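Shared between the two complexes below is subunit A, which pairs with subunit B and subunit C, respectively.
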Partner chain A sequence: MNGAAQSALAPGGAEAAAILSLFWPVTALLGAIWLAVLLVLALGLWRRPGAAPRRAGLAVGAATAGTVLVVIGLTLASYLVTRPLSAAAEAPLVVQVQGRQWWWQVTYPAEGDAPGFTTANELRLPLGRPVRLELAAADVIHSFWVPNLAGKQDMIPGRDNALLLTPRQAGIFRAQCAEFCGMQHARMALPVVVQPAAEFARWRAGQAAPAAAEALAVAGRQVFESRQCSACHTVRGSEAAGSTGPDLTHLASRETLGAGLLPMTRGALAAWTADPQTLKPGNNMPLVPLTADELQALTEFLALLR
Partner chain B sequence: MAILALALLGACKREVRELRPDPPVAAALGGVAALPVGIGGRPPEVYFALGKPYRTNAYQLSEGKRLYAWFGCAECHGQGEGTARGPALLDGWWNYGPAMETIYLSLRDGRPGGMPAFHTRLTEDQLWQLAGYVQQLGAYSGGAAAPGRSDEPPVRPAENRAPARFAPLEP
Partner chain C sequence: MRAQPRDTGREEAALEASLAAVWSSRPGLLGWLTTVDHKAIGRRYIVTAFLFLALGGVLALLMRWQLAQPEGRLLGPDRYNQVFTMHGTTMMFLFAVPVMEAMGVYLVPLMVGTRNIAFPRLNAFSYWVYLFGGALLWIAFLLDMAPDVGWFAYVPLAGPQYGPGKRADIWAQMITFTEVSALAVAVGLVVTVFKQRAPGMSLDRIPLFVWAMLVTSFVVILAMPSIVLASTALILDRLVGTQFFNPAAGGDVLLWQHLFWFFGHPEVYIIFIPAVGMVSTILATFCRRPVFGYLAMVLALVGTGLLAFGLWVHHMFTTGLPRLGESFFTASSMAIAVPSGLQIFCWLATLWGARPRLTVPMLYVLAFLFTFVLGGMTGVMVASVPLDTQLHDSFFVVAHFHYVLVGGAVFPLLGAIHYWYPKLTGRLMEERLGRWAWGLVFGGFNLAFFPMHLLGLWGMPRRVYTYPPELPWGGLNLFSSLSAALLAAGFLLFFWNAWRSARHGEAAGPDPWGAGTLEWATSSPPPPWNFTRIPVVEGADPLRDSPDALKVAAGLRLDRRELLLTSVMAAEPEARESSPRDSVWPLLAAIATTAMLIWSIFTPWAVVWGAIPVAATLIFWFWPRGTPEDES
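Moving on, here comes the complex of A and B:
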């Protein structure tokens, strides 16, 4: 995901922009207060020895009143800015994102005549349309955070959380699991691709279709089906229908491999298939012993899953 | 005092998590010397060389527990109490015997009474992880190592509480 943006200070969505509009004034105000406190402290320390003690009554009163005013003001401002963020938009695109150790399952429910489908490790959103992300977790608590688009929201097993956002800028943004969730928490990222509506519709239609015919025709398909891979992974159109690992039907169309671990290249596919435990130690995909020929065939098959 | 604290800290031993058995080791784990009936026999040498981690290492047991859920064992064996489709695993009564290598063979090759074979779906070390977990599920004496606890309300004693000790012995 080289070059993918991950910064709350460069908003690409309405919600992130609203939060940023709160961030700068609060930072400036609190920075000024901090400087003032240091100044008063310095004045207090540099008092000439022997000088008559000063009366503190007025200063303490003024500082207390100021503090109360600032706290009330900031609370009000943050309430006014963040309240509209949780207001339901009309006809949002609904996407279900489920956090897993240590990857993301992404489900687009059927909408109108667009059929639903499940994919993984990549979220695509149309530019300008409000989105409602329904967040869940399969095992432990995770947290969904695309700093460029919106604030954080936890994914908690047995609880349905939602996050509303409206992308205003096309591009690839990086999301990162923001709640420590085990050994590979650091390598649990998610590219979020925002693209114009027409491009998104084309992508959506492509993802809903079964795997590409040329992939299903190569010998690697048999290796995939007959080895352990098919027990954990689904490739729609083949016999592989496992559900404990990411759906691989259109694997090669994704930006990255292994939840943001590596760029999607043929070399990375071969390296991952040969030894996932060295690339991402402790992840839930075992090292499956393969002969060189099997690895070659599998890599060809995976690279054709566009 | 600080030196003492450091020395104490240095003495802490973290359990080893073997995440990636070397392929030759994994291949050797399959070399169970079984009797022709598929019962008993002897685990491969490498099992002893590794220090029998599948029964004594909490990480390996936890992996076994995860695989028990992932690979649908509960469909037929429930949480160990058994169902109409498969026998109980926690009552200490075994059709084929309680030895690690026997349980391993039950998982790898299946059993004629309706137990499916899992060798095309699980790798060698996963088969051993699962066998270690299943053996602990039906043990008469508790172990020092235990897998992670369940999120669901318990329906049976915890795995390392030697569940078979509490179960009525069947035929």
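Moving on, here comes the complex of A and C:
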């Protein structure tokens, strides 16, 4: 992930680009007005003493009229930029994203031949195709914001919101929750992977399949099923079918662990499983006491969930 | 009927002796607790509010320390969330709004030439309630029980399900305290301005600061009911299981946001409008000419106050409201630039070629123009729906509103403190220290907050207790934190200067600046009765219009506290009215109210049983003690 992976100034999508194309001229215009005010102030202070200026009334009137014009112009400009942002696109890819304290559930509904599936903490999008994100919240208000692709949109309990965007650049962007949502609001991020359509289709097929056979064969699977893990997590193909935590069927294929907390490595998996509360204090996964052997078996199992 | 002593034709010294006999408070602690003098209360209010400013500032420094580097370890998430909630709540509810009202409490009666504020006991009550509310919040913080849901307390996070414990209740109840105290002050100020102006101070001669406080008071009266409703509904949801905000039971989450911002946005103007009045006052004095365009200025103040109620939705542009409706609020939000612009243009015209004396208050006015206009520009940006979808809830907004609130209100306030300090204490603040403090505050502020615009554009959201090192935010955050230290040093100098000058400052005399408004017509600090003889006003700038001797009115009684009522429009004398004496009941009523409100965090029955002592204290407060009817 590069430094500009979470920046409104480096658009990788049509919507962010449209907003930025409004941002720069507006900034230039308003900056110029600010400088003009300071200039008049400086001139006014500099001037030799004298009576109040003669045509001051006229100048104040003209400047106020100018303000009115600028306001009208900017209102219209921002309306014109807004309209296409919310215009319905032809046949968009629909993805449901649900904000939870403090992770993201991501559901791809079935589309044509491609079956639907649920995953978590990673969003993948095909390059160039319009996307309609259906945004919801399971508990408190969250806000979905991937600045490189589009402006933010809140996820509000009891309301259905949607965000339209069209990725124009392949790469990994970073979304982050933008509405304060409690203890771990700061650690609620989401990698957004934009990839060419063919690659995306392959990924999609892989995600829809149950967990890898080699993972289901190892001993760690039993630990996972028999300890509390399975009460909260789903691994399709195993007995684990809990839904209060993220779906882990293809956990190891994700870029990051714990909603953007750590890069996905074996070490990170072991550390998280051993003690999620130190890594992300207050999150909703309890510390499950494990023996060293159990921990090692579990880590092996999780790392095989490709 | 016995002949009543009147002030007509008395010797100055004899007159002052009889005024002192009826207007002075008792000496000692009891006098301190029972006084209803608007100056004593106002001073107290100001000092308390600055105390909260200092506390809120310490919290800001803690946050800057934590964010100076990625993965900071000073504060954990739980503590940080309390700290930013406390910072916002303290600054908005316990510093900014009260300090502006406090300035009004102290200055408005002096500026309109009367002897006390209207409803002085209510005014005293308001201070005590404010003090106790602030204490409640800060004691909770020290007990690790402070609210952690943001100063805006969005539901469901602040609701019963996701905000367990008493933290959110403490926030909601603290709001009740500040609502009550703000409303009490606002009512007193409105009546003072409408009915107690010096004879001859017709509407077009009211000083601009007084106009500003009048508009502000109306905004308070109109905005507060909304937050009263919201916080009451929240408490009911939390305490007795109503479901106003629970979507699963037919409630609505966004209802909270509408109610909160219908109050919350006007609140910004409750802070800003008085500041505008301060700027006008300081400018007029040091430019030695009246502010250009008096009528335009007054209309701009009123216009700002009205428009303030049509903007609240711009805090909710990302909640998914209909786009066309949002565009309406873009228009109304940007429209506020028109009255603001008008005022700025009038100030520029006032300054043009006036060669003002660059005293510390003037320097703060210049800092205000630099900073506030920039904040106004970013305000226009966040008013645009498409831009706001990127900027909202990012550090850009943090930069924006600090520019508007610190630049737009705190700078004028610091200038106003320097300016009116001689009236408050009888001494001038030290000029050289004042300049150093000004430089540090102005420079430190801009260095600390300007980079936040960029951080927001680079995607940094607000209210995060930390951020990962792979994001490019570390450098600017460190820079901002170091600059915050400069800003803090500036404030420290300011406090030191205020503290020292109270003892060692140069004696000021009644009118050290050669100003034109009535508060300078009496001694510094003024006697408990403000004016030995009630001044009569014949122009907008009474002291400058008749520099030698102000005309005075006579005929007020001397055997009781008495002041002059005048008509609303032309300020023609209408009646003499008695002004209440000192009383301990406002304090006791405030204590009873506090007990009821805090108790009600724990059980709804507190509202029933707790109301009994409140009612009792109110009965004693209003017990008729044979005060004769007022005379025309």
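Convention: the second predicted complex is superposed on the first by the 294 of 306 C-alpha atoms of A that agree within 3 Å, B and C clash if a C-alpha of one lies under 4 Å from a C-alpha of the other, contacts with A are read in each partner's own complex, and residues count from 1 in each chain.
Heads up, the rule we're going with is that a contact is a pair of C-beta atoms (placed from the backbone, for glycine too) under 8 Å apart; a residue touches a chain by one contact, two chains touch by 3 or more.
Note that the coordinates shown come from a computational prediction; the quantities given were computed from them, not determined experimentally.
Please determine, from the superposition on subunit A, whether subunit B and subunit C clash or fit.
After superposition on subunit A, which the two structures share, subunit B runs into subunit C.
Pick one for A:282: touches subunit B only (first), subunit C only (second), both, or neither.
both
In the three-chain superposition, say which chain, subunit B or subunit C, touches more residues of subunit A.
The partner that reaches more residues of subunit A in the superposed model: C.
Under the stated touch criterion, which partner chain does A:24 make contact with: subunit B (first), subunit C (second), both, or neither?
Neither subunit B nor subunit C is touched by A:24.
Looking at the overlay, what does A:157 touch: subunit B (first), subunit C (second), both, or neither?
In the superposition, A:157 contacts both subunit B and subunit C.
Which of the two partners, first being subunit B and second being subunit C, lies in contact with A:185: first, second, both, or neither?
In the superposition, A:185 contacts subunit C only.
Answer with first, second, both or neither: which of subunit B and subunit C does A:231 touch in the superposed model?
First partner only, subunit B.
Quick check on the superposed pair: does A:64 touch subunit B, subunit C, both, or neither? Answer first, second, both or neither.
Touch partner of A:64: subunit C, not subunit B.
Contact-wise, after the overlay, does A:83 reach subunit B, subunit C, both or neither (first, second, both, neither)?
The second partner, subunit C, only.
So, does A:244 touch the first partner subunit B, the second partner subunit C, both, or neither?
first
In the superposed arrangement, what residues of subunit A touch both subunit B and subunit C?
157, 281-282
For a test of understanding, state which residues of subunit C touch subunit A in their complex under the given definition.
Touching subunit A from subunit C are residues 76-78, 81, 149-150, 154, 156-157, 161-162, 247-248, 252-254, 289, 292-293, 296, 318-320, 323, 326-327, 330-331, 334-335, 337-338, 341-342, 344-346, 348-356, 366, 369-370, 373-374, 377-378, 380-381, 384-394, 457-459, 461-468, 470-472.
Okay, in this complex, where on subunit B does subunit A touch?
17, 19-21, 23, 26-27, 66, 70-71, 120-126, 151
Which bits of subunit A are touching subunit B when the two form their complex?
157, 226-228, 230-232, 244, 275, 277-278, 281-282, 284, 286-289
Under the definition above, what is the set of subunit A residues touching subunit C in their complex?
By the definition above, subunit A touches subunit C via 1, 3-9, 16, 18-19, 22-23, 26-27, 30-31, 33-34, 37-38, 40-41, 43-45, 47-53, 56-57, 59-60, 63-64, 67-68, 70-71, 74-75, 77-79, 81-83, 85-86, 101, 139-141, 143, 145, 147, 150-154, 156-159, 161-162, 174, 176-186, 260, 281-282.
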